[in-house]
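Order as written gives the chain letters A, B, C and D; numbering starts at 1 within each chain.
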Amino acid sequence: MDLNVAAQLNSFLAAFVLLTAFGMLVQRRMYGLVHLFTWQGFFLSINTAVVGFVAGKHHLYISSILTLSLKVILLPYILHVLIRRLKVHKEVEVVVNIPMTMMMGIALVIFSYYLMAPVTQLSTLVTRSTLAVALATVMIGLLMMITRKHAVTQIIGFLAMENGLFFAATSATYGMPLVVELGVALDILIAAFIFGIFFFHIHTTFDSLDVDQMARLKEED
Amino acid sequence: MKLYRFVIEFLQLAILLGVAPAFTGWVRMLKCWSQGRTSAGIFQPYRDILKLFSKDIFLADNASWIFRFTPYLVFGTAVLAGAIIPMLSLELPIASTADVIVLVALFAIARFFTALAGMDIGTAFGGMGSSREMTIASLAEPAMLMAIFTVSLASKSTSLSQMVHVIYSGQIALRPSLAFAFFAFILIALAETGRIPVDNPATHLELTMIHEAMILEYSGRHLALIEWASMMKLFLFVMLGVAAFAPWGIAESGDIIAISLAFVFMLLKLVIVGIVLVMIETGLAKMRIFRLTEFLGSAFLLATLGMLSFFILE
Amino acid sequence: MLLVLLLVPLFAAVILGFIGDRKFAPEINIAGSAATFVGGAGLALQVYEQGPMLAGGKFFFVDAFNVYLAVLTSFVSMTTAIFSRRYMRREKEHGRVGHVRMRFYHAMFQLFIFAMLLCLLTNNIGVLWIAMELATLSTVLLVSLYRTPTAIEAAWKYFILCGVGIAQALFGTVLLYFAAEKVLGEGGEALLWTNLSQVSGSLEPTVLSLAFVFLMVGYGTKVGLVPLHNWLPDAHSEGPTPISAVLSGLLLNIALYALVRCKVLVDGSTGTHRAGNIMMGFGLLSILVAAFSLLRQKDIKRMFSYSSIEHMGIATFAFGLGGPIATFGALLHMLVHSLAKSSIFFTVGHASQMHRTQEMDKIRGLFKGNGLVGWGLMFGVMAIVGMPPFGVFTSEFLILTATIKDAPLLTPFLLLGLGVAFAALFRRVQPMVSGDIPSYQKPIKVAHLPVLLHMVLVLILGVYMPAFLNNWFHTAVELLK
Amino acid sequence: MTITPLGIVSLSVLLLFLAVLLVPLLKSSQRLLISTSFTLASAASLLGIIGGVWAVGGAITNTMILPVGLPDLPFHLRADPLAGFFITVICLLSLFVSMYSLGYIKGYLGRRPVTSLVVFYNIFLAGMLMVVLADDALFFLIAWEVMAAASYFLVMFEDERIENRRAAFLYIIVAHVGAIAILLSFGIMAGLATGFENFTGYTFDAMRQAEFPLKWATAAFLLAFLGFAAKAGVVPLHVWLPEAHPVAPSNVSALMSGVMLKTAIYGIVRVSFDLLGTFPWWWGAIVLILGLISAVMGVLYALMQHDLKRLLAYHSVENIGIILIGIGLSMIFTSFNMPMLAALGLIAGLYHTMNHAMFKGLLFMGAGAVLHATKERNMEEMGGLIHRMPWTAALFLIGCVSISALPPFNGFVSEWLTFQAFLLSPAMPSPLLKLLVPLGAALLALTGALAAACFVKAFGVTFLGHWRGHHMPRVHEADWFMRSGMILAALTCFLLGVLPTLFIDWMDIIPQQLIGTKIGVSSGTYGWLWLTPVAQERASYSGPIVFVGILLVVVAAYLILHVKPGAIHRVPIWDCGFGKLNQRMQYSATSFSMPIRRIFGFLFNIREQVRLTPRGVYKAFPKRLNYYLRVRDRFWGWLYNPVIEFSFWVSRMVGRLQQGRIQAYLIYSFITIIVLLVFSR
């Protein structure tokens, strides 16, 4: 397929990624979050493969497969297991109400577009226009971590940020060098295990995963 | 010649020792007259001193060597001061031993040890006297120095003989600064020599005593020395004032005529001062101790005014 | 040499992962880190003789800047291992840690060292990032080792905040790569520090200044700069003391190292002093906030972690200030601070074991109770607040005077921070060391060697700096121009 | 290597450090430890005296560079007459005090280990010497802080007492703030000297060569003065001094108050006259005015004390003030380019430095002896000690006379010189100063008189009268070590007072080098006899004659009266016929100073309350009367408490940053990113 088809496909997928990001921002149910996260990973891996195909970067295939196995299969599985084990599949209460959050999200998208405009000028890649989307995804992930009070949701937000970063890497530069990609993947893997352990610790000590209880260490009195 | 100057020195000392009691006697006599009493005569102080010399000493059990040493020291400082202030002649060989500041310091030593002696026995009176004496002194001394400084600023020197020289050479005839300083000096002299209105040398009433309270425990020759020294102090302050403000008559050169003339002048001045002093003392009443701040404060004010006027007007 | 330096801790980690709970495990731990230190010293010698070198197919790069940090890291980790032998035994007797956790502790300790060394020695900025993340992850569970609610809370905050921060750093790295591949072409070459530093002049300034923002926030979080510092006091105060020592003494240095490397690139590209200014701003803010927070501390380890924030602020400020003297001072400051701070943590660990508490109001009479702990803590604090003749004074002296020259208006704030920190620390430490022994104080066996070693080194650095160290610093200063 | 003054002095420093190194060996036997290390200290002080006297007398300046410090900035050492003078002062007193300590410290044996005391005592001496020797900013500051830290630990020595801890803490804070200020001023000078291209700017030589623009020079001077004033205890930075000096062991307080404060004076002279060189007149005015304030406030606060050592400490504030008056005048005269008068002022200041070191050391040693004998610092409990400890009493009296500026002792000489400097002020072009300076003279006179009052009180209440406490302890006279130390100090006071000409001739080289002229101390035949700083007819003082004269008259009077002496009857005190006198009826320290407290009351923060418990209906004859009095430094309320409260308020505000919820922290970093991005877009 020729470049602009690829470009369209790319930006199409980018749109989906952004959409899933927003979805996670507003999603209240735990399982729903996990599903959305899975979808995001899926789009991501597809996109990686496409870019790899277009740019002829074969190591992108590897990282695409990596993403698929890690973010579409492994992590969602772990999350599922945890949620079932810890029985936390209830409504997720949020700090700020949903419309407000969406407003912020949109503001972030605009901001990151405004921010990335000069950078995208410099790029010659077909995928350049999606850099802003990547940044927006990162920011929205962060916003999500801020607005949710639940350990699991925070982790999901964290992973969403990770996705955004990965997306940025592929779209801005056709992917980082392979060694870096592998390293990052490894780190995410370890991180996954660690938060797995954490959920248990937190749950056993606070018998709930609400992070609001974890506010004892403070200076003000 | 040199020897001759030492003769003058000793002559002056002799006058100091001899005339001081007489002056006190003169003041007391005038006072009796002014209060319509019959006086014991001008020579009564001599008799008192002699009587005390011949008496035994009653010394408190816990009196330390300080108590016994003080009278001699007080006497010594008075005599030394007398050797420095020009009374008859400026040709004093050891005049340059000490300038005005040292003179003030000499009196300070005497006061210091008297105050210690007052505390030595450990009676309430002694302590009270020392406390008040030191308080008054600490207020009087700055004023005193200010007054003297005004003169020494005019005469560009702190040595007395030099001041007299300058006054003679007529550079400073009738200056406002000196007038101010002079009045200040009078007030301070009253305070320093323990006269009314600051202190009353005649009283032994507990609450009014200052100087007397410190020496209350003294007896015999010790008391004699102290009395004599305080007479000398009075005399010396007169002489100091004379030298600083009205030196006319003091001999610049050392020949017999000038000296004898100076002696006459001196007696004359003493007579006058005595009259003035008595007028003051009979005119005023003794002040409460805490009124003294105002009294000495005004003295300080006058002295300062004198100094300022020296810079402003001259 | 380099391989020794990297592989020994890795192997040690693996071995200890299996036998970390045996009686002789601490000795193995010590042996491993001692071997590492020997490797580091050898490497340093090599570099000192032959100058900067590339190894492992450009994958590793060693120059004056990172080799001295590598030596420092291996050294402090060795002394910490020595200290942790007695300390952890004691903790085990108190029943605060079991077998599994001992194993875990030892393994993770070595892994952590490996991660830090990798951070320092790698030539690839991407790998630098990975190693940094690894260092974080390897310590997260060590912070929560005691499983108390506060410990878990601290670890969670550490994990989340540093994770988020580090993610920003990755974005910055991506942008850096994005700019680099324009000049250097794609592939691994484009992330190699050696190549980047050569071509930094021709990198795209707009991209780099954006990248720097993300790198600053990312690595700044790990340096513990205000307002990204909130995880630090919790993490440093809740973990076991040896870990606090290495966290405060080493990890912060490493993060700062990464930050400085990036700053050099950015300055080279933009040609402006903006990056420097940003760093100065963060540094100053950290100094002030940390200093005033020190005034209200009750927990002893928490207090000293705030003082770490303050000192990292000073170093960051100095690097941002730039110029030969300030940079020299900053390098020296990193060195002496990590020595002094870790030795303080050693004494603090013993002190809190003697009193079975970390509350400063309960710790009393250390002079009389245990001379080494008492005087060690006293002199450690005097060193850390910058009293001569200890080394910290020398570095602060250089930094301050340089500041007077280049940014006179900032000096008052700097001094305010230093003064307040001084008062706050003395106010707390004096009652702890002095006075009579309280009834509940128990005598314990203490590890003399680490404290003595560190304090002597700090003292020596205060009055005499060996020529080779001086040359190192000067070459490093050249590198960071 | 040829022998130079510098060599000798650095040898003595090495000797002191050797004494420190010996400590671990001797720790086991404390008695041996004391004797060896204090003997070593005395030997080191002797060496120092030789070096110092030689450096000044021979007008020798030589320098040395040590191979330590930063490689590009090795430690520079320099001994010139100014340094030599201060070395002499330091070592003279440290010699006496070390001899004294041989006896004094033994008092601690069996009560507590004295190892730390011994160690820090030697380090402290070494630190002071190094401060004076230092010739570059880094080494100076290191020595300065070593001195401060050592003295801090000495104040902390008896650390189980709360007041020691408070005092030590206050002291270290003030000292460190001062050190920071000094560091800044050196930083400014170094920066202007070379502009930081390399490290050589930090040496004092570079600063001497450099030309400073007025703005920066002023900043440097003010900072340096602030720092040194904090160390010297100039009002209002004096509050640490009356806290720290009383609680330290007395030999240490003698050194701290006698010579440690003088290192600050050294610093001021060094920076202003030597490093900066030229300055406008108002710098001198600042020094002068602060000096006057410290002098008056110091003595007034001293009068209010009834803790003997506290009283002495406040007198240190006063005397530092007097020293600064001399130096300030000298600076003013220098700026008006009147070298002759400037030299007079400087000599006055330095001479008083020497004198104060001697008599204040003597007084603190005496107070230490009293403390050692009675375990009592509160004068209200003392009295009549002159009978139990005659030596101490006599020597303490000499100290009192000297500090009260009474001839023929040394305090008077320097005060007299200062007065002369004052009286020369009309020569100044500035009319304002013309008017102000004489007032300064009056204040100085006031200070002197008040000091006399204060020491009448101190000596009288402590040594005279009866014991005021309820039961008198077994008081013993000080042993010969302590006595010898005090005797030597007293002797020095006397010699400095009687033969000032010799000493001033010796130190006349210092103004020669700093200002460019010397004062002809003595003129005419028998020159050594007369002290005539300006001219014979201007003013003159002859210590010997005053002394001999008084002595002659006293002896003569004594002999004459003892040709046929009347008997002396020892009798009980006359009680005016009332009931028996008891010791509680004596004047106490508080009652002695009552009139002055009334007069100058507005300067103090006084709380006074009298409670009468009447006997039944008769108000006039109360059963009991409780009197409570507290006099506090006003400066606490004015200066210190606000600062403390403010900083705690700020830290409370800052604490809110760390409010525990992880979301908040995430928001911080979020906002940080946004802000930075906007800022750098």
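What we mean here is this: a contact is a pair of C-beta atoms (placed from the backbone, for glycine too) under 8 Å apart; a residue touches a chain by one contact, two chains touch by 3 or more.
This one's a predicted model, so the numbers in the text were calculated from it and none came from an experiment.
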- subunit A to subunit B, fewest steps along touching chains: 2
- Item | Remaining connected clusters, assuming subunit D were absent and nothing shifted | A, C | B
- Busiest interface, counted in C-beta pairs: B-D
- Chain centre separation in whole Å, for subunit D relative to subunit C (CA means): 44
- Between subunit C and subunit B, distance of the C-alpha-averaged centres to the nearest whole Å: 79
- Query: Whole-Å distance, subunit B centre to subunit D centre, using C-alpha means?
  - Reply: 36
- At what distance in angstrom does the C-alpha mean of subunit C lie from that of subunit A? 31
- Query: Multi-chain contacts in subunit C: which residues touch at least two other chains?
  - Reply: 156-157, 160, 164, 168, 210, 233, 293, 296
- Mind pulling the subunit A residues that touch 2 or more other chains? 115, 142, 145, 154, 211, 214-217, 219
- Task: Spell out, as numbers or ranges, the residues of subunit B touching 2 or more other chains.
- Result: none
- Touching pairs among all chains present in the structure: A-C, A-D, B-D, C-D
- For subunit D, which residues are in contact with subunit C within the complex? 68-72, 138, 141-146, 149, 156, 159-160, 165, 168-169, 172-173, 176-177, 180, 183-184, 186-188, 190-191, 195-196, 199, 202, 647-648, 650-652, 654-655, 657-658, 662, 664-666, 668-669, 672-673, 676-677, 680-681
- Task: Spell out the part of subunit A that touches subunit D in their complex, as residue ranges.
- Result: 95, 111, 114-115, 142-143, 145-147, 149, 154, 211-212, 214-221
- Counting only contacts in the complex, subunit C reaches subunit A at residues 124, 126-127, 129-130, 133-134, 137, 140-141, 144, 147, 149-150, 152-157, 159-160, 163-164, 167-168, 170-171, 173-175, 177-178, 181-182, 186-188, 190-191, 204, 206-207, 210, 233-234, 237-238, 293, 296
- Message: For the complex, give me every residue of subunit D touching subunit A.
- Response: 652, 654-663, 666-667, 669-670, 674, 677, 681
- Residues of subunit A defined as touching subunit C within the complex: 115, 118-119, 122-123, 135, 138, 142, 145, 151, 154, 158, 161-162, 165, 168-169, 172-174, 176-180, 183-184, 186-187, 190-191, 194-195, 197-198, 201-202, 205-206, 211, 214-217, 219
